[in-house]
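Data block below; observations after.
In this document, chain identifiers A, B, C and D correspond to the written order of the chains, with residue numbering beginning at 1 in each.
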């Protein structure tokens, strides 16, 4: 397989994997196998996959509460992700983090933050650190349209800009923060327009098109690696699911229409990528189906792995609190 | 005296008053009559005076740590200001606030904040409240170039913009935050350029020219009163003194040149305003001198008032903590 | 008396006060849709007085201060874990402004802070920070333990003239209990003896009160008579009721879902060890959350916070 | 041994550690110019490893976390009162990250938090928030009481692998004392008995330690023998040394410049009332700042925080 095809097929595979992972999450929440909160990424897969495809293994990412897709796109082990969701000791974080806190530092996944926009300053710091170390790694920080209104976002962007740090601020504008439309909470038309305030490029990207994401990110990465500083990418995208699984039941008033959701489903990122692969003669339908079935197997295996893994032991509770341990007060 | 002359002479008087007030502060710090921190406004008088001249008595202002000038410009009683500086019970805040916390709510001075940028959300809330009450009052929030890098600034501007609140964000860009040049801490050329991120007008104003300040503020006020939302004004100005009185002694490295200071002194706001008055035949030198001597008297009286006022009594310590009092724990 | 849930009680309090006083309004994230239950149905009745905010907690919690300063009475809805983001406005403005300005301004604001724990939502969403706010003068702090208290305390908070941090233990959300139909308020600073007893005093906070009552029932059968005290507000704290109870029982257990170090359990213990020392017949037991973050895993989380077993053991230790 | 000031001791610690380890760097507002003394002369030796930041505490205190996560060892300089602005990064990131991610990452960060009080700088600049941080697991907390401790504890903080909140009582800045010339560090979690005595134990924090020692000297003449204990770190807290001292003296006074409610004085009192109860012969006295903001006026401010008179009275009460 040539390099390009390999890349494109990996992108397809990762999008399908993330989709299947989150379809499973829905089921597990319904059956109460998965407890706590779960925010599905379904419909937004092209953003993480396109962006991470532009990264090296030793580059860094940070995420948010809706971060099943980000670590998988960066190459995180789906079995560890699934085990973490079930609170098992074999999970990314030994069960201590759960759905909103997947991280694998060994491959640059610096973790997700349940506090909205809270990972942005951390991403800036990772970029500062890596720059001070004389390395040419870059950091991609994923955050939502809602997060863009936090003060942390302003401070992070300004710091990255004045220090010319290798950060890509990747705003996943899925158009809502829970039930609040971004049009009501952001004063400008595009969040990328705010880049002007930091003297950095601001680019609006079609978040349903993995290749568009890949290309825009590749440019931003090149800029960052060359020491030219940060970029703000706004990926226009959409979540098909409710803000978090189960939330639909307690919503009193609708905030978006069925038509709107349907219209976005017509621009499904996996469909778009598949159609491109087939139209351009890069892959056959059979190859695509093959990927789909491999993904199904991978998810099955991950589920089995997670289910069969042990829970952490009570003795493990206080471990991990401190690197240099202290007695529990 | 015609209305215009009255306004212009009041502006002259207020600038002279603020200058004389802070010249006195310098002396009082040196003699240790004034304890705690004191941040002089000398050189920046046109900003507060020009802006407040565009306000009604029932409009609101908020300030910061460098806020002797703001409350005086808004019409605050100089005797109460002086008494507050000396921690006397006759001060604006009965001695509980001191130099960084002058306020007179009865004339719309909602207070100064020693925590940089912390008053900006408060200003937005005052605008929200006044709007909900169906009034047409406006709020001017004074803050520094340094403050503009705080997250609070972003949140405040965005909230004011989406809710179309009657706020004027007045950035006093005196070019330094303590020793840090704004060029090193702001990524854009002008702080007013950031207005684009909030879809509001951003106007760069000559902060040494009281009339320019008055006119720019008048426009912003008109917009705000008409329900068209906030404006960001950037007043380019300069502080002649050190960041705070006495700080010079502990500074190890210079951060600005004598030439730079001198160049700015050539554009002294009181001189500029005086020259304009005389050149345009609005006032004679004698009239100007008369104002100067009235101001000197007012400051003398204020000093005497402050010195002769009593300190708060020990019994007053816990009072003012709560509106509905509770026992001290 | 009708039985209603904690959430319904809060909703009633807000509705009644918004009807009574036009200057009361409420803001928070996605509250118009009634996401978190309490605000359901408010926007249709009160229109623009129910405000959906952007994700800018420092901004809008500070805006509450400004609005209050010009005469409004804001209620702000959020979660305790989001207070960190807004800490400056809560501390530097809400808590300090009145004093700093010599009492010129009243700040009638209610910050409603939901608290999650025990529902596998991990460290970022499981804060119980009322002890920290108790260390910061200027804020009143109420912590209701059931529907009737929730309604009465919230009404007092809304009518009062000071900023109130109102901590709502989300473990109580669905709890149902009798709530008076007629208008009532509950004063701040008056603890409630929820159960009388003579052998040991248990002071319990938030959702822990129900557990303490359950333990008290169970121990009754073993012949241990437990008095259960609900402080209801911790600023002001009704020291007298606690001291009097300890005077009677000679033994004290404090149950607090906050982390143990510098907790309210610590404060109440210290207060009694100073002011009620001579009435004590045994060491004061604190049952609080361990000084460990809340892990996600269902296998671990339950080990962190107090439960009936830990409360029972502490009572045994106190009466031993 | 040469005598140097508290500020010089801190400066030495930072310099020595920056020389020893290239990954150590320092950032803060206007620190290159050496505004607050401690960082004077660093930038000429260490160049880009001394960073002047914009006024964005939440941003750069969070950036410290990110930099630490990729292998750097940041020191951050600020004032306690500016921590509110950065609270989210301190709590949600610095304190929680390691645990939430199952111990995958070490966060060797030192947050240096100056504390002002008693110098007429009013409510916005007089915070002493270490009790609040003690209520938040995940942060280690050191509070030096003099130059030698400052140097040794800061070196330990910089070399350690956890986030440390390092509280510097600015009332100590100019205090001069002997500091060893040879390399040394002071371990966390080991209290120091600064003065031995037999009648009463005084545990004193921050700048209060000097006052407690002065009072102890004075009371010696009256025949009261005071033992003065310096916890040095409050997370971890050396409970044993405190409990042993109380076992000997039977009486405890805790002096803490933080506000009284939920203070470290409360925590230590509660701990002893629980674990050392049977050794106590008198009520535990807390001498802390009143639960009142710090007013500007010189006539009032001095009433708020502990002084030698209040400490003396508390000791009298304890030994009465």
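Everything that follows uses one rule, which is that a residue touches a chain if its C-beta (ideal position, glycine included) is under 8 Å from a C-beta of that chain, and two chains touch if they have at least 3 such contacts.
If you're wondering where the values come from, they're calculated on a predicted model, not measured in any experiment.
Peer 1: What chains do subunit A and subunit D have as common neighbours?
Peer 2: B, C
Peer 1: Sort the other chains by how far their Cα centres are from that of subunit C and give me the top one.
Peer 2: Taking each chain's C-alpha mean as its centre, the farthest from subunit C is B.
Peer 1: Provide the C-alpha centroid distance between subunit A and subunit B, rounded to the nearest whole angstrom.
Peer 2: Chain centres of subunit A and subunit B, defined by C-alpha means, are spaced 45 Å apart.
Peer 1: In angstrom, rounded to a whole number, how far apart do the mean CA points of subunit A and subunit C lie?
Peer 2: So the centroids are 36 Å from each other.
Peer 1: Report, in whole Å, the distance between the mean C-alpha point of subunit C and the mean C-alpha point of subunit D.
Peer 2: For subunit C versus subunit D, the centre distance works out to 30 Å.
Peer 1: On a C-alpha centroid basis, what's the spacing between subunit B and subunit C, in Å?
Peer 2: The mean C-alpha positions of subunit B and subunit C differ by 40 Å.
Peer 1: Residue numbers in subunit D touching 2 or more other chains?
Peer 2: 53-54, 56, 58-59, 81, 84-85, 88, 92, 99-100, 122-124, 137-138, 235, 237, 261, 291-293, 295, in rising order.
Peer 1: Which residues does subunit A have that touch at least 2 chains other than itself?
Peer 2: Those would be 93, 95-97, 101, 113-115, 118, 149-152, 155, 158, 162, 184-186, 321, 329.
Peer 1: Connecting every touching chain pair, does the picture come out as line, ring, star, complete or other?
Peer 2: Chain contacts: complete, every pair touches.
Peer 1: Quick check: in the complex, which residue numbers of subunit A touch subunit C?
Peer 2: Listed in rising order, the residues of subunit A that touch subunit C are 35-37, 84, 87-88, 93, 95-101, 113-118, 146-147, 149-152, 177-180, 184-186, 247, 250-253, 255, 311-314, 316-318, 321, 328-329.
Peer 1: What residues on subunit C touch subunit D, complex-wise?
Peer 2: By the definition above, subunit C touches subunit D via 81, 84-85, 87-88, 90-92, 95-96, 99-100, 122-124, 127, 129, 131-132, 134-138, 235, 237, 258-259, 261-267, 269-275, 277-278, 280, 282-286, 291-293, 295.
Peer 1: Once bound in the complex, which stretches of subunit B touch subunit C?
Peer 2: 60, 91-97, 101, 103-106, 110-111, 113-115, 118-130, 132-133, 139, 151-152, 155-156, 158-159, 162, 319-324, 326-327, 329
Peer 1: For the complex, which residues does subunit D have touching subunit A?
Peer 2: Per the touch definition, subunit D meets subunit A at residues 25, 48-49, 53-54, 56, 58-72, 74, 88-89, 92-93, 97-108, 137-138, 140, 160-162, 188-189, 235-237, 239.
Peer 1: Help me check something: in the complex, which residues belonging to subunit C touch subunit A?
Peer 2: 29-30, 32-35, 37, 40-41, 43, 52-59, 81-82, 84-85, 119-125, 260-261, 290-293, 295-300, 303-304
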